[in-house]
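Each structure below appears as structure tokens.
Both of the next two complexes hold chain A, though its partner changes from chain B to chain C.
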Partner chain A sequence: MGTILKCTNLAKSYGTTEAVKNIDMTLEENTIYGLIGRNGAGKTSLLNIITGSIFQDYGEVEIAGKKINRSEDIEDLCYVKEKILLFNHVKVMELLEIASAFHKNWDWDFAKDLLKMFELNPEKKFRQLSRGMESHVGIIIGLASRAPLTIFDEPVLGLDVIMREKFYSIMLEDYSNYPRTILMSTHLVNEITKIVEKIYIIDSGKILLHEDMDSFRNKSYYVTGNRKGVENFIEGKNVIQCETQGNIMIAALFDTINDKEMHNARRLDLSIDGMPLQKFFTYFVDGRNHIE
Partner chain B sequence: MKASFDDIQPIFQQIADMTEDHILNDTYGEDEQVMSTTQIAKTFQINPATAVKGINLLVNEGILYKKRGLGMFVAPGAKEKILTKRRKMFYQEYVVKLLEEAKKIQLSAEDIINMIKHESEGY
Partner chain C sequence: MSRLLSVVKGSYGVLRVYLMILVGLVAIAFFINLLLGIGNINRNSEVSSGNIVTIFLLIISGVLPLYFFKRIINLGASRKEYYFGTIIAYIFWVAAFSVFNIIWFLLEQNVFIEYKSYFNIIEIFGWDRYGVIGMFIYQFSTYLFIVAFFNLVFSCFRDRLALGIYILLAAAISVSMSISSLREAVFKGVAILFFNPTILPSTILTFALIGLLFMAGWFFTTRREIYK
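Moving on to the complex of A and B:
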């Protein structure tokens, strides 16, 4: 599979604050990626650099093989920011018309369907919209543009659970029919675990981890049981969190467990359970902050 | 039919297992079309690449076959293949676990056999 985005050694500081520290990122064509990180981890700065919205101090960005320069129109890209600025007096329909002019794959029929699905009145002015409705407009632009590289920064901000589910379903269906690369940042870690194929975890301006979701599932486990048994079992394994309550121990592992070990664990009466991404994220990011 | 996925197995594996279950209980007969990967992705809100991976697993085992432009279909003899495979797994997946739990709660093999006899008489 080809590469749609390649960033090398990106760095950006604001005064003495390093927002992005030497980030390398390569996104394949036709893949959905999740970018997760805490508030202030550098997600938006990174996305702004990738899309040429702000200029990096160092490093290079290539989209579809072309080097990106600032303020240049990138035809293979659709970037939906967390907040759409400068368009307060424009009607929703006019905003879609502006967006359509920049994207060669824009699908008007789909955009009109989306307006209905997200219950948006196209005649409303942008400033009359609620936070959730603003997000709807961003989602419509991001999806209807069908750009080879679509980047959403917090697309579901302000959306209730029903609208979020609607967004995920529509996106997955449209992506099946029109494959492209989608990179979305989000706080709602558990909601995207089945939706994205790969994840990037960012913290303090650095990429801590990038992983295929299938291989992630094959190496994130809880081991629970008798303390001695758990201690023996986790020896030599990558343990990211450990908790003891009396004689009971719960260890969170980021490591593979083979069939023989699974069998052994059962024999020793240890229980092995999958660890949700959100828990992993908390231990992994929070644990590192304690060490540093 | 399951409507949600557990955290311990890869989702593509769970998609493959689910489709096999549908073939075992005759929801899908031989040469009948199964759900498309797009339908699976939309219904279960999973990444379409994951759905494709799960379905391809079954194609590689000869349980499903592809008709170009039409979709995925149940291969002749698929049910037999699944039965053979699942029976092989039955000992490890069920009998061993059953005996381990029985040991934990101090049930003898004889107790278990009696339970099984009792249960089958009930039917």
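Moving on to the complex of A and C:
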């Protein structure tokens, strides 16, 4: 699989605050990525640099093999920002018409279907839209653009759970018909687990982890049982969190467990369960911050 | 729709509200004053409504760099498309207002004169000395120069380098206005550019300066960052 985005040693500071610290990031073609991090972790700064909205202090960004500079047209990209600033007095349909000119793969039939699916009146002016409807406009632009690299920054802000689920299913269905690279930044960690194929975890301007979701699922476990048994079992393993309640111990592992170890766990009467991404994220980021 | 045309269309979407408000207000004032003139209640000379409505050109040179820029980029335009599309929009509006002012000036001279007299910059600056084509060329080059200048001022908004330009500009204006010999030189320079009886050299010089101003505007546009 080819590379659609390559960032090398990206760094950006605002005064004395380092927002992005020497980030290397490579996105492959036709893959859905999740970028997760706490508020202020550097997600939006990183995305703004990748898309040329702001400029890195040093480092390089390449999209589809083309180095991005300040005046460069980035043809293969669609970036939907968290807060979509658009023209207040312009109708939704006019906004889509303008946006369509900038995206060579734009699909009008799909855009019109999306308007219906999200029950968005194309004759409404942008200033008349609620926060959720504004997010719908961004989502329609992002999906209908069918850009080889589509970046959503917190795309579901202001949407209720039904609309969020609708967005995820529409995106997945369209992605299966028209594969492309989608990078989605969000703080709704559990919701993206079923969508993304790979994740990047960012904190304090640094990429802490990048992992395939399949590989992640095979490495993140809770081990629960009597204290002595758990302690024996986790020896030499990558433990990211440990809790004890009386004689019961719960350990959160980020490590592989082979068949022999599984058998051993059963023998020790330990239960092994998968760990949700959100829990892993909390332990992983919080644990690192305590250590630092 | 081509990308540049899309930028122009987007700019119209933003500007039409300002245009409607300005034209509406000026039209109301014009008709009230005309009625007063017809009724012989007030026949005092007034500033031409065509000239007043041309203030719109100042509005666009502020609104497009300050408001329109980040929004059109959010819709997918590149900085280059924004800038060239914006220049096309400037040229369109400058040409449209130059033509409008000629028509309005002729109406004032031939129709409204029965009831009112007007101060019109075309007459004051002597832009009518070469007929309709001369009126257009003088206006077009002068208006475009002003638009290009304000476009630069607003394009470098928030840029550290621009602070130097602002300080230089403020210093140049205050010094040149306070020293009489400099004041005369400034007026001479302005006269050469905009009211010069020899239309060709002054137009060429003005367009050269317009080109420089737009180039400087482009330099600052490539440095502008969009955080939201």
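The rule we apply is simple: the second predicted complex is superposed on the first by the 289 of 292 C-alpha atoms of A that agree within 3 Å, B and C clash if a C-alpha of one lies under 4 Å from a C-alpha of the other, contacts with A are read in each partner's own complex, and residues count from 1 in each chain.
In the analysis below, contacts are C-beta pairs under 8 Å (C-beta built on N, C-alpha and C of every residue); 3 or more make two chains touch, one makes a residue touch a chain.
For clarity, every value in this text was computed on a predicted model and none was experimentally measured.
In the superposition on chain A, contact is made by A:Glu197 with chain B only, not with chain C. In the superposition on chain A, contact of A:Asp73 is made with chain C only, not with chain B.
In the superposed pair of complexes, A:Val230 makes contact with neither chain B nor chain C.
In the superposition on chain A, contact of A:Ser176 is made with chain B only, not with chain C. When the two complexes are overlaid on their common chain A, residue A:Leu149 makes contact with neither chain B nor chain C.
With both structures placed on the common chain, the touch criterion links A:Met249 to neither chain B nor chain C. By the touch criterion stated above, A:Arg217 is placed in contact with chain B alone, chain C being left untouched.
Looking at the complex, you find that chain B touches chain A at residues 5-12, 37-38, 41-42, 44-50, 53, 97, 100, 104. Note for the complex: chain A touches chain B at residues 31-32, 165, 168-169, 172-173, 175-177, 194-197, 213-214, 217-218, 221, 266-267, 269, 272-276. Note for the complex: chain C touches chain A at residues 1-3, 5-6, 9-10, 13-14, 16-17, 68, 70-81, 222-223, 225-228.
Against chain C, the residues of chain A that register as touching in their complex are 48, 52-55, 70-74, 78-79, 81, 83-87, 89-90, 94-95, 97-103, 141, 145.
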